[in-house]
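Per-chain numbering from 1; labels A, B, C, D, E, F and G assigned in written order.
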Amino acid sequence: MSQTTAKRPLTTLQKNTNKSVIVRLKNDVEYKGKIDNVDSYMNLIMSDAEELNDGKIVEKYGKIILRGNNVLFIKLENEL
Amino acid sequence: MSQTTAKRPLTTLQKNTNKSVIVRLKNDVEYKGKIDNVDSYMNLIMSDAEELNDGKIVEKYGKIILRGNNVLFIKLENEL
Amino acid sequence: MSQTTAKRPLTTLQKNTNKSVIVRLKNDVEYKGKIDNVDSYMNLIMSDAEELNDGKIVEKYGKIILRGNNVLFIKLENEL
Amino acid sequence: MSQTTAKRPLTTLQKNTNKSVIVRLKNDVEYKGKIDNVDSYMNLIMSDAEELNDGKIVEKYGKIILRGNNVLFIKLENEL
Amino acid sequence: MSQTTAKRPLTTLQKNTNKSVIVRLKNDVEYKGKIDNVDSYMNLIMSDAEELNDGKIVEKYGKIILRGNNVLFIKLENEL
Amino acid sequence: MSQTTAKRPLTTLQKNTNKSVIVRLKNDVEYKGKIDNVDSYMNLIMSDAEELNDGKIVEKYGKIILRGNNVLFIKLENEL
Amino acid sequence: MSQTTAKRPLTTLQKNTNKSVIVRLKNDVEYKGKIDNVDSYMNLIMSDAEELNDGKIVEKYGKIILRGNNVLFIKLENEL
């Protein structure tokens, strides 16, 4: 990948709209679901969201809005 | 959903005015109620607010103003 | 309530000047009193302030200035 | 008190220059003294400052500059 | 190295696109992988990311987006 | 002291250049030394700096640059 | 040293490019090395970096980029 085609992190995140991701928060809980939308603070709308603890589903939420400042990292779909 | 119809997280939140949500704070306490209003910091006015601990109602508040920086995530009504 | 009459959280707070509120801080201590004034950081002047621990009065302060970044939520008067 | 005469929290604080206050920090230690000056971050210069722990004087400092982001609340003089 | 050729930290980081790094987060977990891109908040896209605990691989992620405010430090490739 | 001669906290701090202070950090460790310079974040250059733990010298540093966001308060020289 | 020749903390830090420093982070771990560069957030590039725990070398890193918000203080070379 050349430097000219590389995307900024937030741009890449926006390109993953409608794709599946796993979001790990600072409290180590993970949320798996589809990105509906994202803004520059990494505030995320996820649909079909599942809360994972140690990789096991502990709750299903449907649509949630995650506040971006809690995010540790986001695994992109093609890597799940 | 096409990218053009997708809403930014804060816009989506504002579209949920008068709808029921559950707000989970960073301290893991949850508040269930109706969104009266919200601003760009995710400061929220909720009415008919109930404080939930492990899913059980521990207190009823009526109208509260939640400071946005405490928010972990918000579950939207149609998912409750 | 229609969306046009809904007030932003900080505007609502300012409309509660001279009314009684309970402010819960992030450290779980609560302060009950009358809002004298408030600014956009949620810095609050309260008069006739009482410190509550588990709902019991532990101290009376008269007039205090609370720094807004400590606020978890504020219960409005008509709900007390 | 009408809304037009109410003062913003930081303005009120500046009007208390030369008056005695007790400042409680987030670490629950309190500093009693006279406000020499204050800025918009709630950075405070206090003179004749005494450190209080559970209401008891544990140290005397003379003049100190307190960084505002540590402040939990400030009790104003006419209430001490 | 003269001062004129020295690079600012974020510029240096951007020059390491496509190179291998180890990112240590504030929670002491490390992520080893290739920098795909980075922005001014130190938000990072890493590919072929491995999570390391005490230097041992505990999980492989492929492509992740790390939120910059969690970063403690980043070891650059030519030093690995 | 009249309000017109009162100095803002950061101005007062800058006027204490070359004077001895004790800086207490949020982790309760104290640094005693001479202020060489200070900026608006309360970043401080101190010379002849001594680290104090419970008032006892535990280390001597010479010249250090303290990051301002760690500061709890600063005791000014004429009060030491 | 007269006030006119005193340097602001960040300027002083930039003047120490290529000199040896010890950086203590908020987690009390120290990094000893040469400053390659620094920006206004105190983000630092260090080369020949050694991680010190209680003053003992526990790891050698070569070149690292330290995120400035983790810095407690920096000891300048002529004081080591």
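Basically, contacts are C-beta pairs under 8 Å (C-beta built on N, C-alpha and C of every residue); 3 or more make two chains touch, one makes a residue touch a chain.
Treat the numbers as computed from the prediction; the structure is a model and nothing was measured.
Visitor: Give the fewest steps needed to get from chain E to chain F, where each step moves from one chain to a chain it touches.
Guide: 2
Visitor: Rounded to a whole Å, what is the gap between the Cα centroids of chain B and chain D?
Guide: Here chain B and chain D have centroids separated by 35 Å.
Visitor: I'd like to verify one number: the distance from the centre of chain A to the centre of chain D, where each centre is the average of its C-alpha atoms, in whole angstrom.
Guide: Centres of chain A and chain D (C-alpha means) sit 43 Å apart.
Visitor: Which parts of chain F, given as residue numbers and ranges, touch two or more other chains?
Guide: 69
Visitor: Can you list every chain round the ring, opening with chain A and moving on to chain B?
Guide: Putting chain A first and chain B second, the full ring order comes out as A, B, C, D, F, G, E.
Visitor: Quick check: in the complex, which residue numbers of chain G touch chain F?
Guide: These residues of chain G touch chain F: 1, 3, 6-10, 12-13, 26, 42, 68-69, 71-76, 78-80.
Visitor: For the complex, which residues does chain F have touching chain G?
Guide: Going through chain F, the ones touching chain G are 17-18, 25, 27, 31, 36-39, 43-45, 61-67, 69-70.
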